[in-house]
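Each of the next two complexes has subunit A plus one other chain: subunit B in the first, subunit C in the second.
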Partner chain A sequence: MSQLDDLKNAIKSRLGELECVIGWEQGYDPLHATPLFIRTEADLDRLIIGPLAVHNLATYLPGFKGKKIGVVVKGCDSKSVIQLLNENLINRDDVVVFGLCCDGVVSQRKIRAALPADPGFVESVEVGAQDLKISVAGQSATLKLSDVLADKCLICATPDAIISDVLIGAAHTPAPAASLACQDEFEAKSDAEKLAFWQETMSRCIRCYACRNACPMCVCRDHCIATSRDPLWISQDNSPAENMMFQMVHVSHLAGRCTECGECERACPVDIPLMLLRRFMNKQVKDVFELQAGTALEQTPPLLTFKVEEERINERGW
Partner chain B sequence: MERFITKENLIRLAEELTATCRVLAPVASCGTVTFRRFLPGMVLDMHSRMAAVSPKAATFPQTETLLTVKREIPEKKPEITETLPEGKNVVIGCRPCGARGKLIFNPVYETDKTKDPYYIQRRDNTVFISLACDRPETTCFCHSVGSGPADPQGSDVLLTLVGEGYVARSVTPAGEEVMKSALFADAGDKGKEADAKNVRARELMGEAHDYASAPAKLLARFDDMDFWQAQSAKCISCGACTYMCPTCYCFNITDDDLGLESRRIRSWDNCMSHTFTLEGSGHNPRPTKAHRLKNRVGHKFSYYPDLHKGVIACCGCGRCIKQCPAGVDIRQIVNAAQEYSE
Partner chain C sequence: MPAQDVRELRIVGFLCNWCSYGGADTAGVSRFTQPTDLRVIRVPCSGRIDPLFIVRSLMNGADGVLVSGCHPRDCHYAEGNFYARRRLEMLKRFLPITGIDARRFEYTWVSASEGQRWQHVVTEFTRRIHELGPAPTFNPASEADWNTLAVQAGQGQTCPCHG
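Now for the complex of A and B:
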């Protein structure tokens, strides 16, 4: 039986006790998936998995707090589940985790760059084991999956869900790249170059907060300081400086909590490479606190606790 | 007026216009096309894809200063200066749907009782040179909301790509004025080719969906929160749909205080946000994303048409669908309401 059939059977056997199970279905065109909220066995027919099923569905879990639901997660998404549990934002007893062994998901941006015409003109998509055959604006293209995988998949150390009630698929022996070329290139830039880069990039930001709302760890939602009116903490002016201010607030509120699922960057409608900030911050957190968010249960995010003397911060020795 | 302009001359026209106007044009940066202030030497990107963000900002900027306040000493009366927009704007290379968006603003921002001087000033001083589409994207549905891929409504000049240039047709006197430039040449019989392209583009869109029953059918679901909870399940309640939308016109006003000086700014607001309807008392009549999405869809396809002669407050550009991080499809929601049976 295929991985999808196994998943469907697993969901079928638990559906009766659950409010719903969150998975994916085909979206508005053959190139895009969209979250599916499975409530009946008939809904299961629409379930899909695979490289187009990009969304981190753990984002929806805190919204269901108090109800018993199921969620389908890839390895990266399972880290968000762990982090949500570690922060008591969801209850373990209320969530049935259908874990996948994942072969990676696509970056729609890389697909867009590789296609001979805009993906808006897509006509059909055939998902193979190694490639995607896409027909777009009357032309056909075969893209190697390895060329269009999301950046996070290139450095993924946890392709298989690390927390699950049912694990589906064949386990992987991950061989992640040590680092990402785009990150290394960015960090090698001078301060002046970085400033120019963010000034240009942040001039595109429209402050729609898609990055914030797609983030499984941004749980303040309706009460985010970026949109509070009284007090008005952050100016509503959409200048590059104010936009960057919001992004800095966003990234620092995720210190020790960000699991690098990449949803912020994926959600951005104007392609701002927000993961450059996340990965840099996570490196600092790992250095100082020896912690990677979402990799183990029972971890407390360092900024959600207090120690008089941090072991790895020399506060008086200077 | 019908003329022809080569691709090179259109760039030259854009460059010439920068001397007297603020020119906004689609420019690519890191693979994203957005409308930017165009300056000589920049590369126009009119054909690779529809700009991610609509050209709405030309007539309704994301933030604009309404007035400034200056206090010299706290006891003295502050000096308040109104800052009305000045100068002329030209938008080059938007799609007909993007230009048409502002028509939805007009019945709201210019009525017998109320006139918004900021909006009207910008609208009356902005020329839209639009490019007719030659094929629809999977998310396009302009033909279902009373428009089409070569709709001139809202544009001042409509361009249709023919060979290595564009057949240009004036729609308004302001458009005709721009087309007096010597960069335009006689169109010869290229007009026929343009017509054929426009017809072909419309044919590619297929049959239009009939939204005639949508206002009543959506209103019938107004109190059905189960319906709206199901429809909004995947919505993450961000503002991408609203901010990308050429027809969304809601705004917020805030004061940016900087010591003795302050600015009153108007910025785009977003009905998907909690604070949009948060009242001073703390009560919120739209406490959940289901309430908010109901308003967004209802406003465009029911309440606005009911108030404004049946006009749907959507131009069918599809940006809200393709830019939604969760793939919420407004067409599907309206269809679900239209097809709903008790």
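Now for the complex of A and C:
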């Protein structure tokens, strides 16, 4: 029986006790998935999984707090679930986690770049073990899956859900921690080059806040300081400095909490490489506090606690 | 570094009420010579300082930001500076990726009796900022660009860009 059938059976057996189960279905065309809220058994027919099911569905969980729901998670999404639990933003008893053993998801950005022209409406997509066959307007293109995997999947250390009530699929052997070439390359640049890079990239930002809304750890919603008038942290001026300031707000509020699911970068309509900032911050957190958000239960976010003697911070100051 | 000799730079200082602000006062009362580039903002505790205060200052054109609080274990509120230390350390380590020179931000501890240490901290930090020079602005448009725009806007429909 396939992984999808296993998942459907598992959901079917628990659906009665749950308000709904969050999964994925086909979106406006076969290439794009969209979240699916399964309330009845009939909805189950539309459920899909696989490399096109990119969304981190843990984002919806805090909004359902107090209701009993189920959620389908990949390895990376399960880290967000753990972090939400650690911060008491959801209750363990209210959430049924259907964990997947994931082989990686695609990056729509890379698919777009790999196709000769903007595909527009895609007629059909065949997902093979190694490749992706995309048909547009009577023509078809075959892309190698390994070429269009999302960046996070290239260095994924947790392909299997690390928290789950039901784990579906064959477990992977965890890969050793690695770093991304594009990240290392950017970090090696000079301050002036980095500044010029952000000035250029941030001038594209339209401040749609898609990065914030897609983020599973951004739970302030209507109370976000970026959109408050008093105090006015960020003005309405759409300049690179104000746009960058919003990213600084996002990153500093996620310091020690970000699980690197990459939703901010995926959601960005103008392709700003936001994960450069997040990954760098996580690296610093790991360096100083020796922990990674979402990898263990019962872990306090590092900035909500302290030690009288910090081993890795210069005690004397400057 | 007397103010007359060189152009003053804008350095923002966040000082905790109980130690560093007192320390700065001690330095003043003792008539220790200090550079005058620092603008002091008094906060109740270094734990009151949101790292975003520092980011906002740097983004808004400060050439340097200095944060100073009570020595660890001497906090008036017992543990404020322990939290501050973690936050400020993370900010300092994070700044390089944004292209802002991390040397423009520093945090340290000065107690109310350490007038001499305060003098040293201010002098050293101001010297460092002067070596770095004025901070590059995050908004790439220069004053010249704005002047050109103003001239073009003033020409209305006769501006060559409409042709």
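Some points to look at:
What we mean here is this: the second predicted complex is superposed on the first by the 306 of 318 C-alpha atoms of A that agree within 3 Å, B and C clash if a C-alpha of one lies under 4 Å from a C-alpha of the other, contacts with A are read in each partner's own complex, and residues count from 1 in each chain.
We adopt the following convention: a contact is a pair of C-beta atoms (placed from the backbone, for glycine too) under 8 Å apart; a residue touches a chain by one contact, two chains touch by 3 or more.
Bear in mind the structure is a predicted one, so any value in this text is a computation, not a measurement.
In the superposition on chain A, A:Ala157 contacts neither subunit B nor subunit C. Once the two complexes are laid over each other on the shared chain, residue contacts for A:Ala177 go to neither subunit B nor subunit C. Contacts of A:Asp191 after superposition on the shared chain: subunit C is touched, whereas subunit B is not. Residue contacts after overlaying the shared chain place A:Met248 against subunit C, while subunit B stays out of touching range. Applying the stated contact rule after C-alpha superposition, one finds that A:Thr59 touches subunit B and leaves subunit C untouched. When both complexes are overlaid on chain A, the residue A:Arg266 reaches subunit B alone and has no touch with subunit C. Contacts of A:Leu297 after superposition on the shared chain: neither subunit B nor subunit C is touched. Residues 239 of subunit A are contacted both by subunit B in one complex and by subunit C in the other. Subunit B meets subunit A in the complex at residues 29-32, 34, 48-50, 52-53, 62-63, 135, 137-140, 230, 233-234, 236-240, 242-244, 252, 254-256, 265, 267-268, 270, 273-275, 278, 321-323, 325-329, 332.
Listing the residues of subunit A that touch subunit B in their complex gives 27-29, 32-35, 37, 55, 59-60, 109, 112-113, 118, 120-122, 137, 200-201, 204, 206-210, 212-214, 221-223, 227-229, 232, 235-239, 263, 266-267, 269-271, 273.
Across the interface of their complex, subunit C is touched by residues 186-187, 191-199, 203, 233, 239-241, 244-245, 248-249, 251-252, 255-256, 276-277, 280-281, 284-285, 287-289, 302-303, 306-308, 310, 313, 315-318 of subunit A.
Those residues of subunit C that touch subunit A in the shared complex are 51-52, 55-56, 59, 72-73, 79, 82-83, 85-87, 89-91, 93-94, 96-101, 106-109, 121, 136-140.
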